[in-house]
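Okay, so chain A shows up in both of these, paired with chain B first and chain C after.
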Partner chain A sequence: MRFGGLTAVRSVDFTVNAGEIVGLIGPNGAGKTTFFNCLTGLYVPTEGTVSYQGTVLPPKPHLVTKAGIARTFQNIRLFANMTVLENVLVGRHTRTKEGLWSALLRGPGFKRAEKASEERAMELLEFIGLAHKRDHLARNLPYGEQRKLEIARALASEPGLLLLDEPTAGMNPQETRATEELVFAIRDKGIAVLVIEHDMRFIFNLCDRVAVLVQGEKLVEGTSDVVQADERVVAAYLGEPFEPTPEDTQPAAEAESTTSTKGEAQ
Partner chain B sequence: MNTLPQQLANGLLLGSMYGLIAIGYTMVYGIVQLINFAHGEIFMTGAFGALTVYAYILPDGTSMVVAVPLMLIGGGIVSVLVAVGAERFAYRPLRQAPRLAPLITAIGLSLALQEVVRNFYPGADKDRSFPSLDGSHDIGSVTITDADIFLVVAAIVCMSGLAWFVRKSRTGRAMQATAQDPDTSQLMGIDTNRIIVIAFAIGGFFAAVAAVSYGLKYGNIGYRMGFLMGLKAFTAAVMGGIGNIYGAMLGGVVLGVAETLASAYINHIPGMQQLGGSGWANVWAFCLLILVLLFRPQGLLGERVADRA
Partner chain C sequence: MTETTENPQTAATAPAAQRGLIPLPLATARALLLAGGILTTASTFLRWTWTSDFPGDLTVNGYPGGLQVLTLIAGIITALFALSTYGVRGLGWLLPARNNAPLVLTALSGFAVTWYTVISIAAELGGIVNWEPGTYIAAVASLLPVIGALALPQDATDSTKEALKAYIAKADHVPAPQATAPWIQRLAITIVAALGLTVFAYGIDAEDELFIGFLIVVVFTAWALQTAGLFDRFSRLTADNRSFALAMGFVAAIGFPFTQTNDHYANLGVNILIFGTVALGLNIVVGLAGLLDLGYVAFLGVGAYTAALVSGSEFSKFSGVQFPFWAAALTGAAASLVFGVLIGAPTLRLRGDYLAIVTLGFGEIFRIAVNNMDGVSGPDITNGPNGIPSIPDLSFFGFDFGQNHDIAGFTIGRFANYYLLMVLISALVVTIYRRASDSRIGRSWIAIREDETAATAMGINGFRVKLIAFALGATLAGLAGTVSAHVTYSVVPNPYQFAGAAPPNSAFLLAAVVLGGMGTVSGPFLGAALLYLLPEKLVALQDKSLLAFGIALILLMRFRPEGIIPNRRRQLEFHETGQLDVPDTTTLTDEPAITKAGA
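Up next is the complex of A and B:
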């Protein structure tokens, strides 16, 4: 993926298998979010393809979602003026069908489909623990719950692969742990998860495999131990040997600065 | 004799017509932030579409009960085709262009449509007569015609249908989502191009309904009819809070009533004898717009961003 003369992501080969949690880490500006944007069709890759379950995906976001890839965003992008339930229902768009006429005439089939869809949405809200807030406007939810709702909305499209872009950015340790459990629960549903995160403890606890992206290229990929032991990673990304003690406070600050990196990439 | 009830009724009727057209401005603006200045001409082509059905397709002497629905369909088809065609060939290629480009395109398209109708539609260089529905009914001191009844019924059916569609149906939800955040909506699996086409089509159809009402009420149509009606409807949309469908209807009614009452009564105020009459109606309409925008720049219902769609 190139933006003018700047190559943001170059030859990143990547496979995520079903029921697996894979982490994607890298310093700010490494191209992690750009990589996600390529996967989901927001950017058209200059070269290369994205394939899902053996078929090459067209670079059209709505078709990518239909194929079974869903994502959340680094900065929350809920439909702020819709209710919690409506947000999830929008997420179900590709999994529901409705002809213009059946909607206008409100036939029995339409009502049944609508009801089934709502039930499914409520199940998801129960899964993430927001069922009691179904009629609240999304913008009135506390920050942590907005993040959860984003995940629920992504799950609503019944994906096979879920992309999480910094799901714990700005969360306190307690919320981070809750998110960890949520991601495990999602994995247990048989969904493959690819997660970008700056919180190293979170990543190394969670992921079966971790890949490191540096300046748009994949440096290493392997289990937590392999990645943590790799000196190039330490040099490029951590700067010093990883110690899971005081760095926990860093992610919030780093998350802020990635926004400016994105601007630079464009 | 007390003329107030009659004037109020006239205002409401005019206002419903403005409101129906205003929907087209407001839906398109809500979704693509484009002011479709050619919408007045979409209204005008709808009237000519309906006239075509009546004058060239139906046999002479067809009863109006049969003719009106068919004219509605004919006008609707023409307006929707023009609206969707404008989106596809004029606005979509400019979606990423600076905001001024589509605006200028809209104005150009508006002139082009007027000239096409004037030059190619038989007899359209002058006003053409349109079949009117003028059977009248007296309700108390108010007299209304069949055309008025048609307009009121059509406006109520269209508006309540649209309100339901946007709030409750899957496509309506997708429209709200697209209005709030098109990129995210795409990632939710919504084909935003399709949603935009639907918004243009609904606006076009509503314009055609207004156009048929206009013809039935006034008995003639012309290639320039879209200009002032479009401008007024745009005013109504802005006054109600552009992007908000309820605002468009409210703005239309407020504008219609204010305009009618002002032209009927303002000359009774001492010292303003010269300022009454229909010649001044537009002046008062736009004065009202300026006043509303001074005190509520977002329009009457502008804060309810939730319903922009």
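Up next is the complex of A and C:
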């Protein structure tokens, strides 16, 4: 992914298998969110493709969601003035197909579909523990519940792969632990999870595999132990110069500029 | 006065820390309210002037006329609210929150309309010599409730400004109504519908001074009812009996031409209805999907021109063709749909301000193109600036819309015929609006409005659903346009512009939606009625009406940005606090979902 002359993410080959929880870490500006945006079609990658279950996905967000990849956002992007239930129902959009005509004619099929959608949405709200707040406005929820609701909204599209962008940002330790439980429960439903996070304890507790992204490139990928033992990761986080091999000198400047680009994109 | 027993509830709300702006005992304040209300009422039975030169003939003793009727009504309302503070049985519902504001505002209503009348008598007939003893009595009597209301105790504040503000503030908490039997609820809705029809019919017939007096009474009374929390209660009532309330609204709308003797007023009615229906179509685009469309009136024009072309008018290019109305309506709607898609497809890739500018451009393109298609500067289709005149009247199954008809002793004239047709079309559009908004597609419109990026990431094809909203809005406007072509006998390019002195034009349509309340059904109709009637009735304002209109809009946006009839969601959006009504019971045992939730 390039923005003009800046290469934000370069040749990151990455695979998530079914039923896996994979972590994506890296210092600020490494290109994690840009990578997410490429995956979900919000950015059109300059080169390369995103495949899901063997088919190449077109870079259109709604088609990516339809194919089975759902995401949350780093800074919460709920539909603030809709109720909790309505937010989840919007997530059901790709899994229902009642168009304008059926809405206008209100046949039995429409009522059945609406009822089924509501039941499914209520199941999800039960699952994340917000069923009792179904009629509250999304923006009146406490911060932690807004994060949960965003996950429920993403789950409503029945994804095979869930992308979580910093799901515990700004949470206290108890809430982080609850989120951990939630992610495990999601995995137990057979959904693969790819999670960006800065909380290392959270990541290493949770993930089967962890990939480290530095300056737009994948530095290392492996189990928690492998990643933790790798001193290049520590170096990248603590700001020691990244072993300057000749061809890496250029991307160093690029990765720095990416920070601002990322800020804009969100 | 009549009863001095303290209501325990009011006594509890008046502890020692409270005081009135005017230092008077509570009992005196209340007595002033009641006595003033009754005296004002009584004074309207005296004569207020000696000559019948003043409009409405105020010279007859024992028979109120013209503005006196409005004073009479305001006096009765003041007295009723005053009686309610005494805890008279059967009137407690008037003041559910027991706050002062409704009393202050009803008192002001009577005061304002009486003094307006008194002053205009002096101004028009040349001096206060034209006043009669009754006039003096009315002026003094109407002042009494205001003094009484401002003497009512309330929480002490430091400044007079704060105190005055507190007197007209809405109650913080309106207690939930007691459960009432369904038939009482329905009776209440029926009575309100009948009252609404009466008020509307009276207002549409009122001229000049009478209309201003009418506005004073209606605005203050509506404000009083709002501060009393009665509007909230009524909207809850209609929400509980939605189908019944809609049916009553429909019946009241049909009843309107039967209250009119002059077809001119039915003409106003049908134009308001056309304007309101088109505004409701625009509400789908602006209020639900959040797309600012500044060229919307072009779709009304497409519908009108299509209907005119196939109407059989001899000036039409296709003068041999005469479609029956159902076919013409479908053709007009379909033509608008096509134009909607054609204009929407390229423009809806833009967002926000860019979309507004481009739609504004397309709207103007329509008018200019129609102006030029006269066979000289373009193909000969629309007769250019001359338009298509002498569009024949409609005729259904031998029912000629151009003729007067007698129905049950009432004479229904030409415009009333069209009015009734338009009521049917409005009902159709309201149904379409309600059903579309409460569905998967309606939710995706709101989601797009809230956050387009998040909506597309949730699987909504943003372009597609926006195009549907745009096309649906265009179709409804086209449908209304087909009727408007027949009502006005002719179509010309001029009304279909961005901004003009008279409705409909895109700016007025948008203003009707914003003024009435975005995202509501009744809001656009109310906005349309106001925007159509005010310039029509306030002849004095004629050349300054756009100025007045602009000032009114600025004031509205400052003090009530959510519109006169707020959509609950919008209201919360602008005022940052509060919550949609959440059912008190948080147990969901009656929900089918919980029995199936396995997680």
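Everything that follows uses one rule, which is that the second predicted complex is superposed on the first by the 239 of 266 C-alpha atoms of A that agree within 3 Å, B and C clash if a C-alpha of one lies under 4 Å from a C-alpha of the other, contacts with A are read in each partner's own complex, and residues count from 1 in each chain.
To be clear about the criterion, contacts are C-beta pairs under 8 Å (C-beta built on N, C-alpha and C of every residue); 3 or more make two chains touch, one makes a residue touch a chain.
Predicted model only: the values in this text are computed from it and were never measured.
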Fit or clash between chain C and chain B when superposed on chain A: clash
Touched partner set for A:Thr94, first chain B, second chain C, both or neither: both
Most chain A residues touched (candidates chain B, chain C): C
Which superposed partner A:Val183 touches (first chain B, second chain C, both, neither): neither
Touching partner for A:Ala131 - first (chain B), second (chain C), both, neither: second
Which of chain B and chain C A:Ala152 touches, first, second, both or neither: neither
Touched partner set for A:Arg77, first chain B, second chain C, both or neither: both
Touched partner set for A:Leu57, first chain B, second chain C, both or neither: neither
Chain B versus chain C as contact partner of A:Glu86, first or second or both or neither: both
Touching partner for A:Val12 - first (chain B), second (chain C), both, neither: neither
Steric overlap of chain C with chain B in the superposed model, located at which of 5-13, 113-121 or 329-337: 329-337
Overlapping contact positions on chain A, where the chain C interface meets the chain B interface: 40, 42, 61-62, 65-66, 70-71, 73, 77, 79-82, 86, 89-91, 93-94, 96, 98, 100, 103-104, 114, 117, 137, 153, 157
Residue ranges of chain A in contact with chain B within the complex: 40-42, 60-62, 64-66, 70-71, 73, 77, 79-82, 86, 89-91, 93-96, 98, 100, 103-104, 114, 117, 137, 153, 157
Sites on chain A touched by chain C in the complex: 40, 42, 61-62, 65-66, 70-71, 73, 77-83, 86, 89-94, 96, 98-100, 102-104, 106, 110, 113-115, 117-119, 121-124, 126-127, 131-132, 134-137, 140, 153-154, 157, 185
Chain C - residues contacting chain A, complex: 432, 435-436, 438-444, 446-447, 450-451, 453-462, 468, 472, 569-570, 572-573, 579-583, 586, 588, 591-594, 596-599
Chain A-touching residues of chain B, taken from the complex the two chains share: 161, 165, 168-171, 173-174, 176-177, 180-181, 183-192, 305-306
